[in-house]
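Encoded as structure tokens, here's the structure I'll be asking about.
We just call them A, B, C and D in the order they show up, numbering each chain from 1.
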Amino acid sequence: MTDATSVDEAGATPPPDEGTPPPGGDQPDWLPRITGVGESVGRALLVPALALVLALFVGAIIIMVTDVDAWRIMGEDPLTALGQMLEGVGVAYRELFFGAFGSVRAISETLFTATPLILSGLAVAIGFRAGLFNIGARGQMFMGGLFAVWVALHVELPAVLHIPLAILASIIGGGLWGGLAGFLKARTGAHEVITTIMLNFVAAFLVLWALKTSVFQEEGSNLPQSARLAESARLPPIFGSEFRVSIALFIALGAVFFIQWLLFRSTLGFEFRAAGSSPRASTYAGMKVPLLYTAVMFISGALSGVAGATMTLGLPPYSVTSNFPGTIGFDAIALALLGRSHPYGVLWAGLLFGALTAGGRTMQAAAGVSVDLVIVMQSLIIIFIAAPELVRAVFRLKPIEEGPTQMTKGWGA
Amino acid sequence: MKTWMKLLAFLAAFAIVVAACGSDDDESTDAGEDAETTETTEATETTETTEATEETEATETTEGEAAGDFTPVKACFVTDDAGVDDRSFNALGWKGVNDAVTSGAAQPDPILLESTSEADYQPHVETCLAEGAEHIITSGFKLADTTGQFAEQNPDVQWTIIDFGSLGPNVTGLEYQTDEAAFAAGYLAAGVTETGVVAVYGGENIPTVSIFLDGFARGVNHHNEAKGTSVSVLGWDVDGQEGTMTGTFNPADPLVRATCESQIDEGADIILPVGGAINLPCGTAIQDRGIEGALIGVDADAFEAAPPEFQDLWLTSVLKGIDIQTQRSIEAHASGQPLGGASFVGNLENEAVGLAPFHSWEDRVSAELADETTQVLEDIKSGAITWEKFAVGG
Amino acid sequence: MTTVLESSQIVDKNRATPEERRSSIIGAVLIALGLYVFWAFGLRVDGDLDATFNLSLQTDRFKDLAWVVNARWLSIAVAAILVGLGTWRLTRSALRWTNISLAVGFGLFSLAFLAWAAAGSQFSMVGMFRSTVILAVVVVLGALCGLMCERVGVINIGIEGQLLASAFAAVVLSSAFGTFVGVLGALLTGGLLGLLLAWLAIRFHVDQIIAGVVINFLALGLTSLMSARILSDVQSLNAPARIPAIRIPLLADIPVVGPVLFDHTYFVYGMFLLVILLHLGLFHTRWGLRSRSVGEHPKAADTVGINVYWIRYRNVVLGGVIAGFGGAFLGLAQVARFEENMTGGIGFIGLAAMIFGRWMPVGALGAGLVFGFARAAQQKVAILNTGIPSEFLLMLPYVVTIIVVAGVVGRTRPPAADGQPYIKQ
Amino acid sequence: MALELRGITKQFPTVLANDDVNLTVEPGEIVALLGENGAGKTTLMNVLFGLYSPDAGEVVIDGEPLELGSPGASIEAGVGMVHQHFMLVPVFTVAENVILGLEPLKSLDWIDRSAARRMVLDISERFNLAVDPDAMVEDIPVGVQQRVEIIKVLVRDARYIIFDEPTAALTPQEVDEFFSIVRGLKEDGKGLIFISHKLNEALEVADRIVVLRDGKTVGEADPKVATEGQVAELMVGRPVDLVVHKERADPGDVVLSVRNLVVLDDRDHAAVDGVSLEVRAGEIVGVAGVQGNGQTELVESITGIRPSLAGKVFLAGEDVTFEDPRDIHRRGIAHVPEDRQEAGLILDFTVAENMVLDSYYDRPFSRGILMDWGVATESSQRLVDEYDVKTTRVDVPVSTLSGGNQQKVIVAREFDREVKLVIAAQPTRGVDVGSIEYIHSRIVQERDEGAAVLIVSSELDEVIALSDRLLVMFKGKIAGEFDPAAATTTEIGLAMLGSGPDND
């Protein structure tokens, strides 16, 4: 009674999420699945590129429509008004681009901004792979960051040891916070969506409180702000102190490769993916699914925790206030989805979002267009990429037979 | 192509709505602008009124010596992650910058950079520098370390930081001993209350918020001691330095209004909410519950600054002259004075903090109480009333 | 030959059934709670102190109702009941009432905690319950929106965005054209975003969670952008009239119940009405039967000629309208002002309430009230100067939710086809 | 007056399921549509019923063309279908399921429950289909669920009724009962299409037999004259051997011993209620019974997936009651689970990944925590060849394989090692004839190599053919033991209904 797809009609089963390589191709056997590039590069990039174009186009319309000054003269002099609107769009996009790629500083900013996004995006992605929806990246960033700050303030070590120890602390902090949600799901069935949302709030208040205790505060200060972190615990900038991009970037890249390896080359990753695709079959195959849930949430939390560490140990001026995760925890969900829960996908998506955010800052300064436009464009890009049919329809491309792009597993079981 | 059309239709509909509002409100827009300018002028008047009420000497004694003789400087304003619409220090700081433009001390179209997260501070400051700003105003203690660092690297630029002390020879720090005025407000509230219960609540238990609550609670206690009353203060524990917090500065969170209602339910009729716009839900609560209550504003004179429908609710406001000092800091710079690096601690003495007039509550505050309150203000200034003041800044 | 046929009354049981295990764990928890109450609230409170729970508001017709109780003795009584209840759970072989025992246990614990906090002082219990209802409104409406969608198999994670966008619409349209248009606009905006979700999920088979996330982003981005670029310039568009409370004659004068339930804006009445309507609707009407069939087994619905897509579109849009109602409450009944990101995550709490309430309207109401109660109660405790840092009180509602979800609710069963796109060949 | 399908063609992404198929059914006629699994029978009927839109062709009912692609239109035109996978909402009551789509209303939208109950009882009495209208569908046995499906169709006044594999899950008695229902419907003037791959049933009940193969009609047969062999050859396209070849069993030591086992199902009811059984090396023990009588839970408990409440399980003399699935698996159990797609395979994993699903953690497929995909791929390739799994490559998702080949993947995975005990549940459900033959022969081969085999199946023919010893389960208990060679289907069928002679 509970059949999803009928068995005896072979053709009726929908293809799975990951683009099935066309039969008869001559790639090495396991390579396409692992790299995610099964189709030709051109075809793979077409839809994302067109999605970006569409998002820019819609964004332009929004800039024009919300140009209050231009609308005021629209009645008397529509041409000038229109010209003013178009000029506004031009300036905004020019600044957006230059702010993201126009200089060494811009590129540094793009990479700097992308770093925690990649890490927390990976956190959400690995959750999706195991069939869990971790909305708690924000809370895990809080806890990871807090643990790292504690080590940075209270341990005295040379940098080569201090930094790894602080990162390790963030792994533990974030991991415990994520693992708690996983444990509760495994033991009591409490849904991770509920628990991670709630743990976000709990962590936020916990950090707010902690930063007011003498454990973290600078002596004599009563501000909710940590003391300056020890020099030895600060993540050293790559291109000198003028540019913010730090070795955190390498940590993030390392994490991408590590998660890639973990998911596709290790037994644990095999188990994660199995539990994500079919908890029942995994149980039948002898895997301990509840344990896997706890483990995957630990790893997911640990990744977010490291993201939190990069926003504390790696954020000049190296004193920590109560909102260091910003909106990264929620952007992470979008990133994971945009990257199709694939580590490399998350990497590219993180760089894209980093560029948009970094460029958005400059755009705000120079063109007076609120950074919120960046959020709108991010959501448009996600829509267009998640609904390739939509893009194809707009550009009148030949539709291709594709199954539903279902990447998440609903509420799991 | 159908999809395409739908998309366009959606956007067109959207455009029409906005256009409708725009054209519809052409007049009201102008009116709005007018109102804004009026507001500005009134605000200046207010300060004067304040000073008049306090019967102090003329304004000219403070920094702005030769008004009008300015070389306009390029100003750049960076908010903290609360954004410029926080109805608090960011908003007031930005107002100060614009006032400086009006007075000719700052060049027109000063740069405003709103932060949404802590990662924005440094790039925003860098943007200010890149845009050639001569005077950079950073708002809030969260920007302190960034400001200190860049001020050192850029000794030729004048900096002003709000709610923090000076960070170098070219950084003016603006701090406010607002508990002095809040003390007087507490005294006043204790005299006005009919239920014998007054209340305070804040957004988060952080110094810039708690300083108001602490001063207010002490003021109430002073009234009890001086007059033998037994007015109780809800929401702040002077000994424990803890109190009722909403945990958010978002006025739309139903918890904010519930917090205020909760205090009303306990009998409070005079309430001091501290934290941006979180006083507005309390105004709605007082109105909707139909109690004879009042609010006390903070930062600016709420009678002027808050939406008109609440005008009758403000007993007074605890003024914190961020706008004025920001303006003066820019003016000092523009008038050719050497770059300054002092911490300015605003207090009753230097009139950077104060108590706003009673406006619509004028009749309900007895002359006797008004005089007593004025006397309390004087006594604090003279040191006749003193207590362990709340530590400002880091 | 192994035709040995044993009866089911086997003595050598290897293991306890999951139910039995749960029952005894909960028994142990209750006993622990009881002992803690005895120690923390019973012994350590001054024996002479009374806690006064006010049962009326100043504005009530019948004033000065109060319940005065000795805090120590109340705590000791509660401790005794908790221990008794726990022991009963441990020994009793019948397994019913497990959840009810736990709920009663938590309720009593809260009472003892409040009595301890209020010892020698007083607070308004009616006010607390009144706040509980108000704090539940958006959460419940969000949850109802979610369950409207999920009952037909569409996961809606965009409740937050729907609330935010409709609050924006409510404020702007109400400022420009009056309250009626404002509320209508909010309902429409919520519905339109529902339509967008349905369109992406049904027409384009976009992963439903992605579609929901996109709606959140889109709503946040667009409203913040318009707020920054338009509302800050044209402030008259951000000044709507507030929607007043309607005091229901006679009913509002009933002691305790009146101020808690019958002196609110129509959003509160609307919430209760919706809960009742949806509950009856889902389980007693054609609409409900068809909706649930689509969420449980869309193909079965299809085979009896029910248009799965139409039902999904309809319910998701209606769900959006409900969220729009919640958005209008946020925008017009609280402060009557738009603030950027003014929902602040409450839509996600609504989502949690939906799961917590097991996809039932009445469950959603219960979940919303539990959350609302925790928020209201912590605010009362904050007033009482207990010395607990405000941050810990503020996190209490979230901690309570986690405990309740983990302890009471446990595994939940979503509609079988939840999140599954339905594709006809 | 007839129902006609003309030139129906339906293309799926990878398969041409129907290729210009024509079919006519007259009122008062039973047409059996025969064909192997995957021959396109169900697709054809789903087209007729409006679930699929065909790429070409038309349907004419009593002279009126039918709007295709809408079940509503088909129902309106008098077509009813009893689906193989029942189209019942498990959490609804019988009455709710029946009235879904034509709800009797009291006022406005309010459902008239008593009218609904009456509708069910009316039909149930008229056609002698006993059901309890207030029972929850997930709580009632499969046979009763089928009756609910039939009532659903009859309530809608269908004149042409399609039965898709209706006897698959029924006991012999239920099958007889079902046939008498079908004949009653025929006398009532209904036109009936009976889809099956069981020749004997088609021959018994049908007036006309139409055979489909690879999406095409390949012939018709008159049941009065045709023989099983002829029709079977028509179906498969080659002569078919329908008997399982095996030698007499030579039972050795006891391998599996189950004592007084009590197991709870998901809703905490004792699904297995004190079962004891033994399986010896070199014998095949079959467990027959209607689905839902505890077989699933019995198997899950023996394999360690579901904890038992009481009783013991011994494997080769060792107590394995509390061991987890992996340890039990390591002791040499091969488990072919009943639910291939949910429990046996991970559909979006590749063939290779599925081939190592329960052995990935050990050499040679991994060292430490590092997977060796090279070895896994090679090994999978070998198994694909050895077990004749039809797939283009081993790195395509297993969901692209047909049901029979999916099942072979599981069999290959489970059998390719030293096996002491084989537990196979519904090993050939939804599998084509060729694969059935193959899987059966592999099972017998395992027995002959000395493994103990426990077969659980609701297909009585299959257990009878395979088993050396036959147990019948009813309501969580062993309701009887039979010698499959000697016992009659009637005897066994009675035990399956709980009224066997051995049942006390």
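Remarks
The rule is simple: a residue touches a chain if its C-beta (ideal position, glycine included) is under 8 Å from a C-beta of that chain, and two chains touch if they have at least 3 such contacts.
Remember, it's a predicted structure, so these values are computed and weren't measured experimentally.
Shared contacts of chain A and chain D, meaning chains that touch the two of them, come down to C. The chain pair C-D and the chain pair A-B differ in C-beta contact count, and the higher one is C-D.
Taking each chain's centre as the mean of its C-alpha atoms, the one that lies farthest from the centre of chain A is D. Per-chain Cα centroids separate chain B from chain D by 74 Å. Centre-to-centre separation of chain C and chain D, using mean CA positions: 43 Å. One simple way to say how far apart two chains are is to compare their mean CA positions; for chain B and chain C this gives 36 Å. Shared contact sites, meaning residues of chain D that touch two or more other chains, fall at 12, 88, 90. Across the assembly, chain C contributes 226, 230, 233-234, 297, 340, 389, 391, 394, 416, 425 as residues in contact with two or more other chains. The multi-chain contact residues of chain B, meaning those touching 2 or more other chains, are 18, 22, 29, 204-205, 247. Chain pairs that touch one another: A-B, A-C, A-D, B-C, C-D. By the touch criterion stated above, chain A contacts chain C in their complex at residues 1-2, 4, 12, 14, 62, 66-68, 133, 135, 184, 187-191, 193-195, 197-202, 205-206, 208-209, 330, 333-334, 337, 369-370, 372-380, 382-383, 386-387, 389-390, 403-411. Interface of chain A with chain B (complex): residues 58, 61-62, 65-66, 68, 71-72, 74-75, 105, 109, 112-113, 205, 208, 212, 218, 220-225, 228, 244, 311, 315-319, 321, 323-324, 326-328, 358, 361-362, 364-365, 370-371, 390, 393-394, 396.
Per the touch definition, chain A reaches chain D in the complex via residues 1-18, 20-21, 23-24, 29-30, 32-33, 265-270, 273-274, 277-278, 280-288, 401. On the chain D side of its complex with chain A, the touching residues are 12-15, 17, 37-38, 40, 42-43, 84-86, 88, 90, 137-138, 145, 303, 305, 324-326, 329, 335, 337, 339-350, 352-353, 357-358, 360-361, 366, 369-371, 373, 377, 392-397, 399-403, 406, 430. Within the complex formed with chain C, the chain B residues making contact are 18, 20-22, 24-25, 28-29, 31-32, 83, 85, 195, 199, 204-205, 234-235, 237, 240, 242-245, 247-248, 250-259, 261-267, 277, 280-281, 284, 288-291, 307, 309.
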